[in-house]
Amino acid sequence: MKNPYFPLPVRIENVLVETEDKNIKTFTLSFIHKEDKEQFRYRPGQFAELTVFGKGEAPFGMASSPTQPGFLEFSISKVGVVTNALHQMSEGEILGIRGPFGNGYPLETFKGKNVVLIGGGFGFSTLRALTDYMIEGTNREEFKKITVIYGARRPGFLLYKSDLETWQNRSDIQVFLTVDQDDIGWHGKVGTVSVVAREVAPDAENTYALVCGPPAMIKYTLPVLKELGFPNERIFLSLEMRMKCGIGKCGRCNIGSKYVCQDGPVFSYAEILNLTSDDIF
Amino acid sequence: MDALINRIRGIAKDLLREGKVDVVIGFEEGTIPFHSRPCFVRSPDEADRLIWNSFCENNLATYVVKRNERMGIVAKGCDTRALLELIKERQVIRDQIYIIGVPCEGMIDRVRVEAELRNRSIQTVEVREGTFLIMGKDFEKELEIKEFLYPSCQVCTRKNPVIYDELVGEEVEESVGETYPDIESFEGLSDEKRWQYFSEEMSRCIRCYACRNACPLCYCTECFVDASNPQWIGKSIDESDTALFHIMRAFHLAGRCVECGACERACPLGIDIRKLNRKLSKDVLALFNYKAGISLDEVAPLATYRPDDSEAFILEP
Amino acid sequence: MKAKTIRKKDISGFLDRLIQAYRVYAPVMQNGYFLFKTIKSGSEASLNYHNTKMSPKDILFPQSEVLFRYQLDKPGVEIDMPAQDERNLVIFGIRPCDVRGIQALDNVFSKNPKDPYFEERRSKTVIVGLGCKETHNGCFCTTVGGGPCADDGSDLFLIDIGDEYLIRIISDKGEVLLKEEDLPDAETQKITAAAEVAEKAQEALRPCVEVQGSEDILTQRFNDPVWDVISEKCIGCGVCTYLCPTCHCFDICDEAVNKEGKGIRIWDSCQYPLFTRLASGLNPRDTVGKRMRQRIMHKFVYFPDEQGMLGCTGCGRCVIECPVNLDIREVLNILLRTGAAR
Amino acid sequence: MAEPKIEKWEPKIVAFLCNWCSYAGADLAGISRIQYPNNVRIIRVACSGQVNPWFILANIQQGIDGVLISGCHPGECHYLTGNYRARRKFALLKNFLQFVGLEEGRIHFTWVSASEGVRFARVIEKVTDIVRSLGPAKKLVKRI
């Protein structure tokens, strides 16, 4: 294996402003060296460290599906030093990338099962990667019913609008969009993700639930899933927090004896309940 | 000494019993020789943990900041100076603290003692009149307290508490006059010599921030070294970064440092941090006739000005 | 096991010869305390010491280390790994507790994915341990499963038997160091003498608390308010973690001027409030109590769980150097004794 | 082999000028076409009192050879007392940096009013001369 600390150079190919407040942008990146591109094989739910040279690095989940070869996408919210620097960058500029790290979603487990993906706001990015992956070509046949429940504060805060439209036009995937506060022209639902989930989530029988989003959303959605009969083992969450080295050495992301960067970031709710943790949610 | 300890315990018990304070911050016996350490007493029956001896080296004023309780605090001269500065800087309300002032004849420098004994393991230490007796497995050694005081204690001019609610023990004689012979002789060295000295000192820094955290006046919610947006200073042990950390920290304490020496005592590598602070104290006194931690009424020197302040350093073309 | 003896006065000459072929680190007295330093002459080293102020972990895991350098204005972006020292290393006269510290780091850094920087140096390192005849008042290696003369992990191991050291030859790597030396094989009575020294030192340092079963008790007490009480005096500095031979947490920073820059790894400490603060401002370990709990839990619960050994070697640096004498032995005593009583 | 071309070293100087007096003074020097060395890079600040000591140190750290801070003459501060406060701060800072071994002459403080174009030019000349005589900055400079 190559040096895991080495950032591979990537070029920004496209920057898309996702939200109406312009605080979330999706960056499309391509590798400068061909061999790097070939080496970077990932699964939905894994993450990578992006380096803004001179500023530092920060972890982000891949928002693109590995089935879309040639480029990577990351949706990045402007919060800290690195993300602020990223937001000031444009097409043609160079970043570094290290990864992929972490376990990703347990695709094997989902095979032959129903999957419900519940996402809120910015936390939807790796679920988008997963959805794109599951509905791509022959992959679709491997899973039964796929339901996407995705919410945001307002319509202007929903990401991946063109993907959402594509999905909505397909008959083999059910998509429910919801906003806390609607705007003129909004045709989806109004209400929090947890409320909508209670209404539209498929039967818990034979179904896996994936939840990604802000802590408050997760906190309110978990009891709903319990109510619907989902056992803890069939609820999966992604903890994308405070990873640094990505290889279980730097001691930053551990929750109890688990390293989020290696053993996670995707954990079943049953696993999470077993961790000795500082209050995660 | 026993009488003094009993007084401290008695006052602490009364304060807690009468509900005048929620906690008494004082010193207790440490776990190894030469160490007394901060302790927090919350009930009268715990008050017997409190002690006083020649090893009470921490500046307890560090603990009063950002606490909502009413506190009793056992304070020596330098601790009270720090408390006074904190009151002045509105980090603690005067009525929030009950100061049990203790005159102090200086604390024993454990690092120098250890260096003196080279390699022998100290098992117990007993403080006597003017001396202390060290006992190890196969040796005994009696040393003069005066010769093993911390450098900051050797030049201390405020051994007696400057502010207190109750004074425990007899006031001790103060050394008179503010003199800085150490700084003056250092100033006499060449630029190169001074630079060499500081470079060597700073090169030992491991950026553990014990100096900052032990300092009662370093209470910024976010220290400039920790700020990340913008990041003012690199976090590695790069020579330039560590030197600038110490320079800026000292400068931020200009006119506020009470010269307690807590920084230097906390430093595991024994870096001469205090030299920086003392230089600034000396200049603040010379230029602005101000000494930190003495008077509640005087305005901090860098928060004010006089139209006739020195212009000697202004460049004239 | 093979053993040789060397006269104390011959150590300096032995070191001089080692310096020809190796980069030799040995305890050196400077500014009133000892540190492991690269020595240029055997006479700089002194084996008459308790322990060094800092653990020697920085030899293998430096506090600041350049991971890569880059130059952004060159076509295609150049990223270079900095050159490493070619020579093999000898860490001479390291105490058993610090050898265990290196074993702990081995577990962290040599586990897959391997850390190439640590691995590179570690594979070239020969460890010459030195038994403790007498222990310091902060020592507690016997509490955490070590011993003043525990020789596992060393390649050679020295025990003070008066005018001579007995050298236990533990590995082939160690034997190589002695190849050029004309040292007598140890006589049986000297081997026995060394064993006695070891036994006496072990006897003299009684365990201060029973750590067997600590994992369960500490885990049970995770949400106990006692953490806040114990840690109240903690001033939140990094002394305990930076001086510790096993603490391995680090941060990766990027420093650049114009188009030229470097990625550096620097030690970091779980005792700093910023350690876990997220960019959003959320901090899962927002109190001193939680941070101290993390340190204790990591050493006595998580580390054993992940690496199969305790994350504390009982070197006592955190005990001696803590500015407020927050003694980990006492902390364990409070947690384990009162916890067990429940 | 060809002789390597040695570029002549020129000092880099950063000047923090207050908006109301010194910057206007510099402007006047320019408008009046008064010649002064081009080694200076000007940073306009609201007031000399706004200059954080860190600004100076950050410049030194990045290899700037000399720093000048200039404000309104005492009594003429646009904010009434900013320059008085700066004077106290920098009196200490200048001594302090010298104390740790920085060469005297790396850091300068002066007052230049809006009408003193000539004085501004003379100040820059003098600062440039002094800094030039000290040679390139080495102390406290961070190497990447």
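Each chain carries a letter (A, B, C and D) given by its place in the written order, and its residues are counted from 1.
Assume contacts are C-beta pairs under 8 Å (C-beta built on N, C-alpha and C of every residue); 3 or more make two chains touch, one makes a residue touch a chain.
Keep in mind the model is a prediction, meaning the values are calculated, not measured.
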What's the overlap between the neighbours of chain C and those of chain D?
B
Please state whether B-C or A-B has more C-beta contact pairs across its interface.
B-C
Name the most central chain, where centre means the mean of Cα atoms.
C
Intercentroid distance (Cα basis), chain C paired with chain B, Å
31
Centroid spacing, where centroids are CA-atom means, of chain A and chain D in whole angstrom:
51
Taking each chain's centre as the mean of its CA atoms, chain A sits from chain C at a distance in Å of 39
Two or more other chains in contact with one residue: find those residues in chain C.
251, 253, 255-256, 261
Counting only residues that touch at least two other chains, what does the list for chain A look like?
80-81
Scan chain D for residues touching two or more other chains and write them down.
none
Could you tell me which shape the graph of touching chains takes: line, ring, star, complete or other?
other
Which chains touch which?
A-B, A-C, B-C, B-D, C-D
Okay, in this complex, where on chain A does chain C touch?
1, 3-7, 9, 32-33, 51-58, 79-83, 94, 96, 241-242, 244-245, 247-252, 254, 256-257, 276, 278-280
Please name which positions on chain C make contact with chain A in the complex.
67-68, 70, 72, 76-77, 79, 81, 108-109, 111, 113-117, 219, 222, 248-256, 261, 263, 265, 268, 270, 275-276, 278-280, 284-285, 290, 294, 297-298, 301-302, 305-306
Provide the residue numbers of chain D that touch chain B in the complex, in ascending order.
53-54, 57-58, 61, 68, 74-75, 81, 84-85, 87-104, 108-111, 119, 122-123, 125-127, 139-143
Which of the residues in chain B come into contact with chain D in the complex?
186-187, 191-199, 224, 232, 234, 238, 240-241, 243-244, 247-248, 250-251, 254, 276, 279-280, 283-284, 287-288, 301-302, 304-307, 309-317
Interface with chain B, chain A side, in the complex: residues 80-81, 84
